[in-house]
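Next come two complexes built around chain A: one with chain B, the other with chain C.
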Partner chain A sequence: MVSKTEETQLNRLENQVDNGGGGAWEYLCLARKLKVRRPEKVLKYGLSILNDSKKRSALGPEEWTLYEQVAIAAMDCQCLDVAKDCIKVLRKKFPESKRVGRLEGMLLEAKGLWGEAEKAYSSLSEDNPLDQVIHKRRVAMAKAQGNISAAIEWLNKYLEIFMADHDAWRELAEIYVSLQMYKQAAFCYEELILSQPTVPLYHLAYADVLYTLGGLENLQTAKKYYASTIDLTGGKNTRALLGICLCTSAIGQVSKGRNKEDKESPELQSLAAKALEKDYKERADDKHGLLTCVLRSLKI
Partner chain B sequence: MAEDLVLDTAIRDWVLIPLSVVMVLIGILRYFVSKLMRSFQVPDHKIVKEGQVIVRARNLRAAANFIPPKSFRSRRVYFSNEENGLLFVPKGQAQNAQAQMFSDPNMAMDMMKKNLSMIIPQTLTFAWVNFFFSGFVAAKIPFPLTQRFRSMLQNGIDLSTVDVSYVSSRSWYFLNLFGLRGLFSLILGEENATDDTQRMMQMSGFGFDPSKSLGAEKDGLDIVQHEWALPKFEHRAEAVLKKIVS
Partner chain C sequence: MVAELKYEISQNAYIKLVLHALKHKTTAVNGILLGRVKPQNESVVEIIDSVPLFHSNLALLPPREIALIMIEEHYGSEGLGIAGYFHANERFDDAELGIVAKNIGDHICRYFPQAAVFLLDNKRLEALPKGKDQSLVIQLYIRDASKNWKLAGPDGGSRLVIKEPAANVVLSDYISSEKWQDVVDFDDHLDDIKMDWLNPELFK
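Right after this comes the complex of A and B.
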């Protein structure tokens, strides 16, 4: 994940380049390092560097990395002829390269020729069975064709080998949620929490899934995870605050008549409600009335 | 007896500095040669998977307190199950890794190349130092030493009454050998092949032995006591919210 300082740096460079100051090359390098997706800007500035032969020769051996980056950005923006030109140049320079083969596969994908792309990828992965990018492209292709179960299959196969890749776990979790397979999604989110326990996003998503699954135990666990999200974000996450209110009222409903074990945090709900009201007053005063209605209906 | 020998400054000009310069140059030369000779080693399917398993098991151990006890337990069983757990390695296989490494021609060639590139320049430089720079006192070490070091540091000097702090150029060579590592990482960037000391340490703990690390991870995982940290978080969230609301 991109840290806050890196994000501010990227935005600053972006503004600088947008307003005509120099620094296009640093911006492209940073975008490449952080793996952010800014295809229009990368395409515009990358092409301006590549078309100027003086600037191009000033890059030296980095020129080819820039070609690759611009090709991928062009495919993202659907400027396929630009991409084809870049790939042709790369192919001339590196005739036997697997990396260029990958790019050609991606071009076929971008054109929508799924069968040929699949053939290209399978031949590449035969030579190189441990190439992570090819596996991921296969998953992306299956997803783009709408074949979600094949995407899940490929992703599971990928994760059997590369089980420490948390981006893949995240993708799998989102696919499962879209298919409403919440138990499996909960498993994936647990993996994510294990690998990066201080990222509040994963706690929040996990709590959401648990709340959706329902059942007293899950609701109580969900409440705990909403609380941990609040703790990790310093109370600023509106979704977590609302989650606490919903969870507490749902628990109350489920365990109606039974002994309520609320000794852990009795005030949490009221505190969350107060924090929410304060937040809404400050930021969205017009919706404050809505909020008070909702909160009143929850406090059964 | 601590008499003070006055050392000629010519020693500094003609011995210490040229020796350091030569060692730096040889190091740079070795770096470029190793870059040329580096062969791309295709990572083995099984080794990659084992590496990833280890990372995942380590994550599980480190962050075990963040997930509910039931999930932790099921994961622990998944990893250390007797029959088909990921970390479980039957005794027979444990020996194979080392034997495999010796018999695999590719890996043997690689190791030989690495060893050669380390041993040959060292031997040559050492012989050169001995031939040209022996038989005189080269430097004085600023702190006092015991008599034990005499044989090591004063090799060319055959006077037994000279204080052990006065050393021959051989010791200057060794000092440079270990000390220039920092300098090389500045000039050549990270990951340079001149990291002899690291390689020497690695050779004693031989090579990448996946089965041992798997066994170690499994033991670590078995030891972990799960103590669910989440209830604590509720209290902390309360405190945070109290601060905001008040």
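Right after this comes the complex of A and C.
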């Protein structure tokens, strides 16, 4: 998960390198640190360093990390020959390494040789039953073969052991959402919010899922979590502001004819609407009319 | 009557959707088709424009509801309505029209019964640069009498036509020049409202 500042920094570096201003190594390190998926750039910049013996030896021991990073990017771009070469170099340097073994497994995956990849991972995990990467490769393989129920099963098994892996919870939540299993997705976001209560993304996603589930109670809870997202993002999150408006409208519809005393105070939605109007006027004036139309439809 | 319907898509609408899918190769993406029944010929639905919607969490309602209101309002003033839905699956091997796509298609049919659903044909897209197969890289799905979405027959190719015959050539050019980087979708807009989902400069 990457913040806006981190993404801007990465993009700036990318532009710099693309325009011949150097900084390839900084880019590669940042990409590795942020765990972003930009295989074309990583492959291009990585190879430019690896294919230059001076630049390569200047890296010292980091050379091997770069080979690994480039191997993975190459597999992602289906440049399997490049990947094979990188892995060969690593194998030569680290003949007994399980880490290289994992890369070899991934190469089998990239070739679509699922059975052989599974064999490779099984033998690696015999000695390392707690290797997280291998567990996750199993999930990835199931997903790649379209076996979503197996992916869910493996991912749940993984989370029973490694319940602090936030990325895994997010992955599971997103798989559930794609299958319209919103209750299960909600559970995942609840786990995430419990363990990392100050990450606004989880509050927002949870609110979106609850709204999608519908029903008065879920809508009221969704509204609370859109509100907490606004709180955690200094009022700048467009999705959360719109979420407040959507919830207010939906709650109004669902509770038509009910006791007026249950009606919530209108301040939150008018504040949200005002914030949205101000933002659109300032930064997206050509769409301001459309926003007004949205607010009108939602009777805000 | 619906069985006789033909769909005519404009080059820009077509290319925009395919480029959007190429920008987000690792996830499913979707989009809205804008159009109307052709004024001169009621058995043809013309798809005049498209709006790329999302590249994450396609099955969540809040962003979709906002997008539909804004899109309808904008295009309504141009005499166009929501006429269909586009979907591209996450995996290359997945050639099925999934449940999310069908549900959104059903929703659109409530307002425009002749609505079509287009599914990106990954195999044809892959073959495009090789120049062998010049058919459109999208598949047409139509609802049958029992409201099930069906691939428009083996002659589906003739029910979906593109106005501009050189569209695939233009598309191939754009792919080589990585034009897909410039496509803005609704997700991008919600993340930063300065990003314009109308993509006014895309084909200039």
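Simple rule for what comes next: the second predicted complex is superposed on the first by the 268 of 300 C-alpha atoms of A that agree within 3 Å, B and C clash if a C-alpha of one lies under 4 Å from a C-alpha of the other, contacts with A are read in each partner's own complex, and residues count from 1 in each chain.
In this section, a residue touches a chain if its C-beta (ideal position, glycine included) is under 8 Å from a C-beta of that chain, and two chains touch if they have at least 3 such contacts.
Given the structure is predicted, the values throughout are model-derived calculations rather than measurements.
Aligning the shared chain A places chain B and chain C next to each other free of steric conflict. Once the two complexes are overlaid on the shared chain, A:Gln69 sits clear of chain B and of chain C alike. Of the two partner chains, chain B is the only one touched by A:Lys223; chain C is not. In the superposition on chain A, A:Met163 contacts chain B only, with no contact to chain C. In the superposition on chain A, contact of A:Gln180 is made with chain C only, not with chain B. Rounded to the nearest 10, the angle at the Cα centre of chain A between the centres of chain B and chain C is 180 degrees. In the superposition on chain A, A:Ser125 contacts neither chain B nor chain C.
Using the contact criterion defined above for the overlaid structures, shared-chain residue A:Gln269 touches neither chain B nor chain C, since it reaches no partner. By the touch criterion defined above, A:Thr248 reaches neither chain B nor chain C.
Look at A:Ser195: by the touch rule set out above, it reaches chain B but stays clear of chain C.
Minimum C-alpha separation, chain B to chain C, in the superposed model: 16 Å. Overlap of the chain B and chain C contact sets on chain A: empty, with no shared residue. Interface residues of chain C facing chain A in the complex, by the touch rule stated above, are 26, 28, 56-63, 65-66, 69-70, 73-74, 90-91, 93-94, 99-100, 103, 190-191, 193-194, 196. Residues of chain B touching chain A in their complex: 42-43, 45, 48-49, 52-53, 55-56, 59-60, 62-64, 66-68, 71, 230-231, 233-238, 240-245.
Interface of chain A with chain B (complex): residues 129-130, 160-165, 187, 190-191, 193-195, 197, 221, 223-228, 230-231, 234-235, 244, 264-265, 267-268, 271-272, 274-275, 278. Every residue of chain A that touches chain C in the complex is listed here, in rising order: 37, 143-144, 146, 174, 177-180, 205, 207-209, 211-212, 238-239, 242-243, 246, 279-280, 283-284, 286-287, 289-291, 293-294, 297.
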